[in-house]
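Letters A, B, C, D and E mark the chains as written, and numbering starts fresh at 1 in each.
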Amino acid sequence: MPDTLVSIKNLTKRFPVSKSFFGKPTKFVHAVNDVSFDIAAGETFAIVGESGCGKSTTSRLLDHLIKPDEGEIWFDGREISKLSDKQMRPLRSDMQVVFQDPYGSLNPRMKVQDIISEPLLVHTSLSTGERLRRAQELLDVVGLSAAHGERYPHEFSGGQRQRIGIARALSVQPKLIIADEPVSALDVSIQAQVLNLLRDLQEKFNLTYLFISHDLAVVEMISDRIAVMYLGSIMEVAPNEDLYRNPRHPYTQALLSAVPVPDPEIKKHHVLLEGDIPTSTTLPSGCPFRTRCPHATEKCAREVPPDTIVEPGHVVRCHYPDLTL
Amino acid sequence: MGKYLVKRILNMIPLLFIISVLVFMFIHLIPGDPARMVAGPQARLGEVEQIREQLGLNKPLLTQYIDWVTGLFHGDFGISFSNKETVGSLLAPRLPITMYLTICSITWSALFGVIIGAVAAINRGRSLDIVGMVIAIAGISIPNFWLGLQLMEIFSVGFGLLPTGGVDTWQGYILPSLAMGAGIMSILARVTRSSMVENLGRDYIRTSRAKGLSESKVIWRHAFKNSSIDVVTVAALQIGALIAGSVVVETVFSIPGLGRLLVASIGYRDYQVIQTLILFFSLEYMVVNLIADVLYGIINPRVRYD
Amino acid sequence: MSAPLLEVRGLTTEFKRDRKTWITAVSDVSFDLHPGEIVGLVGESGCGKSVSSLSVLRLLPRQTSRISGEVMFGGDDLLKLSEKRMRSIRGNDIAMIFQEPMNSLDPIMRVEDQLAEAITLHNDLSKREVHERCLRVLASVGIPEPKMTLRSYPHELSGGMCQRVMIAMAMSCEPKILIADEPTTALDVTIQAQILALMEQIRRERNTAILLITHDLGVVAETCSRVIVMYAGGIVEQTSTRELFAHPDHPYTKGLIASVPRLGSRVKRLPSIPGSVPDLAAMPSGCRFAPRCSFAQERCRTHEATLHPVAPDHLSSCLLSENERKEVLAHA
Amino acid sequence: MADTTTKNAEGAFAAGEELPRAVSPWRQFIKKFWRRKTAVAGFFFIVFVLVIAVIGPQITPYDPGAYDYAALYSGPSATHIWGCDEFGRDVFSRILAGTQLSIGTAVTASVLGTVVGVVLGLLAGFLGGIVDAIIMRVCDIMFAFPGMLLAMAIVAIIGPGIKNIMIGVAVFTVPTFARIIRGAVLEVRGELYVEVAKSVGCSTARTMFVHIFPGTMQALIVNFSMNVGGAILTASSLSFLGLGANVTEPEWGAILSQGRSYIATAPHLVLFPGLVIFLTVLAFNLFGDGLRDTLDPKLN
Amino acid sequence: KGASKDAKGSGSAGGSSSSDLLKADKDGFVVRATKTDSKAKSNDATIAVETPVKELHPMNWSDGTSGNVVLYIYDSLLAYDKDMKFVPRLAKSWEISDDALTYTFHLRDDVTFTDGSAFDSSVVLTNYQQAIDKKNNWRRRRTFIETIDENTEVTRVNSAEAPDESTVVFHLAKPFAPFLNSMAQFFIISGKVVTDSSHDYMKESAGSGPFKLKEYSQGDHTTLVRNDDYWGKAPKIDSVTFREVPEAGSRIAMLQTGEVQVAYPVPADQVATIRSAGNINLLSIPSTTMRYVTLNNDVKPLDDVRVRQALNYALNQQDYVDVMYAGAATPATSVLPATVPGYKEQKPFDYDIEKAKSLLKEAGLEDGFSIEMIGDNSSQETKGMTFVMQQLAKINVKVDVKPGDAATNGVLAEASESETKLQTWYVNWSQTDADGFMRSLLSEAMVPPTGYNTAFWKNDKFNAELEAGNAAPTLEEQNKHYGACQDIAWDECPWIYLASDNSLIAYNSCLSNVTNPPQGLDIINEKLSV
């Protein structure tokens, strides 16, 4: 096993949603619930799951934008979850983020070259000229031209903006890039461009990715290992091939079967899950998935399933990992 | 909901307390001696002292404050220096007048403001919109006493249609409430317009059009109803402007209301009256805003009181 | 094949940019819709899918848009009908649902009132009957507790539920045509699967013609019998779903299909279409796809590309033939 | 690096595609603003008034203080285009000369109030927590005090006069701006790019001044221009209630409130200053309103 | 253009706008209604007044409006007529002993109070006892008390007695010439009520006057109805309402619209409106109000009499009268208004800039000086201050005008000599007796905080003359002393003398007439054509 760059242990995060008369929170959104995983240097680790399952919260926790209620976050050999914002700042040059929304993540009042070189300004002592040169190089790297540096974000299309975001993330040559749904807002043709770019950059700069997406097909293409999240918990973690070939959690199976296949010749059998995702303020007892699971039993309602290692590197959080839908 | 109300009302208490302290401090900072005002210009020093004692003005400030606040709890607002009447009996006949004036103003201004705003929003970018908005902006640009004077000049003196002052008949309320409401009308027109424009661009409007609803139903049943949420909130905030307006307009139209009483009381340094009035105005502001919030919750089901 | 329910001919929609200039968002779009079929309308964001469908129902702002062409429905040209007649068609004969189910319902009106609004508008029913009808349609779209849902406000429902309510609302007057503008884009895959199944069920049970707008080729492949591919305001290809996926003719369609990542075919790199969609105000002359097309020739930039048959029941707008493109490829 | 470029550039720009035209946000704004004719009219009027404020005292046809007891209350005529007042002073000259004072007062008061309000609003919005709670409670209290009354009380305490009016008006501007700016800060703070700034590693100060504060500028400018209008009105209302500027100075509100005694006999004494105040406030409001509409993404 | 630009004011008034000057005819009419056929809507008269009625206790009111209303409800033993002569009221007649120490009043026997109780000599005595009772501390108490210093008071009346039901006798401690004036302000309340400290005079009146209180609405109006049991000539008007209308414009507007029949006071500049209305009369009646600017004699350079004189020479009184009152005022020719008994005309400081300048030069102030002036913030007062400022600017005296509200000025005005910041004060005073007038404003004893000698002017000769006048047994002798007082004060210039303005009263021609005796506006015996 190569070096572990990120190690997350029993991470839990609750957001208060209502307060009692005396200002004490009474209700919580259980955004992330006892989540643990490791990311090895150089690999692409993906988290997939439906909207609201806690993917972004996990990434924000890792990025030290919010602090966990419980659990540890190890990055590059340091426990960072208890660091203050100030202590965290120098570490950020090793960890950069690419966000989902290419429109909101760029300050509309800054020129593109300033956006790209901002991490340099913060983390290095390069002169203005050097920063500018670097920004122009980076523009080149992500497939834009240096002339674009003088412009403002609103003059770019979504895909181009996402490239700008990627260039910014690359500027300080981080070890880890957290990409939170970097392609979900893009059209397919553009999405392919960006995915290819990410892949090329990984090879070139030996990057580690935490790649977040709700699109199983996209994840399959880019990631080495995948975690499937549901209602704040990781239900299944497996290497890429394992997961797609042999999904063991009923949720993963349902998810996979729900993905439409762009081929009319294949008439796929869909497993239709009943009902909706429960609200994360009132988590079901036991297994969070049991309310929609076709073979939920009383045990599922009673006990939180243990993490079962079904194959090396393939962990499932289910009482019945051997049943298939 | 009940809990929410209780909470809001409880929240008002510290606010009122602070305001009462501030008001008390404020008026005692205003230069001028109420005892001298009561005694009159020809009074001698000894008489002034005697009056000061009668009025309890020679007690330490803290005692005076405590006396006042304890009185408040017993529903006793003190006695007016200048009139020897209890402040309560002083306010009692004026309160309905100012209230009625305020209600008239807010009613017409809300009605017209909303209509102008809605018409402007529906005709966005066209001449009706521009006309509506210029009217609206003109409304907040006119000093209300000037408007009052001009209205009086035109309608009372010029045409002899309406009384120039007093509120003995309902006609007496017309011009003052026009002068008082102009600014609010404008603000509401603008809020209505921008809220309507925003709501008209929302997806559910497209949905209701796709249902086959007529344009008027789309506008009033959907866009307008949604906009009323914003309108209510902003309207409530205007209560402060109305109070200030009443001070000025009641002076112009010689209306025996609370606003004019306040001006007169400040002139006489009638502490008891000033204190009570300002506290009352503050309370009024808070209560109206509370009502607006409740109303907001009724119109807007997305608000949850917990 | 039965007679078409809806015939769209040469639909062109323009938007007012400023005092004098109008920009064309949809140009010369023609297609048919038959009873009981689901037709997919695909294309990248901004290509004019929504505008085309809104134009059919004349739901675009009147002051800032103008529509030309012909939309024949039941012998009438919808574009020429009075507003009043048009209203009796909207929601009644042709219903529409939208992408953001949460935003497409009036946030401050109970579901029942919103449903009832459409029903009472087009039917002469008593209050009771309306209520029953509401219950029935809600149940028919698979809402587990219709009674409770009727009393709810939209924000109390999940996205999937809202979309079901939207569909129920659209179906409440049993329209002949349902236009669904990206009905599942905002939903999760598991919910998307539910909704798509529901659409299929509606088509089957009521023989409703559905125009399904989407940018997801997977959705098209799974649900549609025919596909219309749009690019930059115009149709570039139109054929049956099988044909399209089996023999895409237009380079754009080809690129699009290729760039979709597929489950189970783990590739390192995806083929992609270079560049991005042109700006409406600066449409390239000739074939609009030419600037991004790796086969583009001189005439592609000068000649207007129009839809023409390339195979039976297969229209494409590519100016080059299959052979010519092969040649280009060989030369490169 | 050069060789990888071509590969990576696969999607960026195909041959022949032009770069998007460079439009600075500023230019774009001007273009949009220019379309709002009423706002443009307001803008020019403001510029006009500001010019008058600067050169007004130099270009008066008469000495604004010069009296002529033979021309008391004389109406508009060729020699005195806006007539004469109760001392036979030329109304037009007085208004010209008073522009500096009136606009100066309103602008200074607004600037004062705005600066304090902005600082408080930034602190409240950015720091949150207890600081926010305290600042907002104070604002609540000030709001519950109707603004005019607050100004009245302040002027009553510190005495009338231009300087004190400025303070009075400024004080009641503070809570409004604190709230607006706090709101804007909270809104901008919720923007993704602010989170990005933190994630990139920007210091608190940098986040606040480079990323957040510029985002609140539009709210600031819009409300400032509206506030100047409001300040002119408040100042004249205070004059009306006898708490105004020094009566001997040709401040507009003072001119108007003195003129009001003669509304029946010499209506021009009320009409012209009233109109000037009205038009100026109108211009500020039209301008502010136009700015708001131009800057409001929801209305574009 | 250039010509007038540099002119710091030009010419004296009375030029072009002389047509608007208020020239009263012999009956005091400035404007006589041309349309005399106006009709009132009902037989109820309404008078628009500027200030509120605040106190209806006949012996404790302080403001003029209240005093005016009291006049309708209560009777005194004797009263003034409009020429300031005493006329009988509740007393049919009276005698003064030769030593000027005994005043005997013969009372009417046909008077009952509106609360039903009868009027007789004992009631007068009870009223007197209550009036001087320190516990009550009514404002009218002052008229019977002499203040020696802060702690010592002497009652002017040694003893009062009622030899029979219809006679009252007052024995004075020493001669006090204004005693009849005091009696004219001594309003008699029903004996039952006057001792009842809990009686609310704002709810129910207990007088014997032609009217009685019907309704008092604080800050709005006070309505009186005819007292049908009145002993005298019964009023013809059913009711009289005093309505508070603070805005001058509104008062005139209401007069025009017929909402009120009388408006008082009327700003001088409204004459054109009134003239054009046609059905409105405008009366201009000399008043007992004196307008002046006190000059703090302790402040440099005002301590120099030459400077004070210079200021008087520089001020054009006629312009003041014309600009401020459109002619409806009389330039000051003494420290007392001409209407106050005891007035003695002085040689005016004729407007003379050169003389003023040379006086300043003598005082070493060729370049002028700056001075602060306070005054009321009402529009009339600020206008007056502006006028003074303009006038004094001609001799390079720069006046910094500081209007403030009454309470603020009060604080400034009552500061003791060592603490005062007062420099000059644009102010006015109104009183009907010469002694009170001059004593309050110019005697040394009345230097603030005791009284209103805000000029801090101290002159022993003046003080002595004033005391002598006060003690003089006869009016002639008294007037001689008061005349001497005026001579002394006038040349010393403790003030800038301005003018005594007329009361301007406008009334609709549906009202037969309005008179304005010193104590207030009178329509008691007038009639309304309905």
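The rule is short, and it goes like this: a residue touches a chain if its C-beta (ideal position, glycine included) is under 8 Å from a C-beta of that chain, and two chains touch if they have at least 3 such contacts.
Here the structure is a predicted model, which means the values were calculated and not measured.
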Shared interface partners, meaning chains that touch subunit B and subunit E: D
Starting at subunit B, fewest touch steps before arriving at subunit D: 1
Of all other chains, the one whose Cα centre sits farthest from subunit C: E
Centre-of-Cα separation between subunit D and subunit A, whole angstrom: 46
For subunit A paired with subunit E, centre-to-centre distance based on mean C-alpha positions, whole Å: 89
Sequence positions of subunit D contacting 2 or more other chains: 10-13, 20, 156, 159, 260, 263-264
Subunit E: positions in contact with at least two other chains: 247, 249, 253, 405, 408
Shared interface positions of subunit B, touching two or more other chains: 30-31, 149, 153, 157, 251, 266
Contact footprint of subunit C on subunit B as seen in their complex: 125-126, 202-204, 206-214, 221-222, 225-226, 229, 299-302
Of all residues in subunit A, those that touch subunit C in their complex: 50-51, 157-160, 187-193, 195-196, 199, 214-218, 220-221, 240-241, 244, 254-265, 268, 270, 272-273, 275-277
Complex contact set, residues of subunit C against subunit A: 44-45, 144, 158-161, 188-194, 196-197, 215-223, 241-242, 245-246, 255-257, 259-264, 266-274, 276-277
Contact set on subunit D toward subunit A in their complex: 1-2, 4-5, 7-13, 19-25, 191-193, 195-204, 206, 210-211, 214-215
Subunit E residues within the subunit D interface of the complex: 1, 4-17, 20, 247-249, 252-253, 267, 269-273, 319, 322-323, 377-380, 382-383, 385-387, 389-390, 401-405, 408
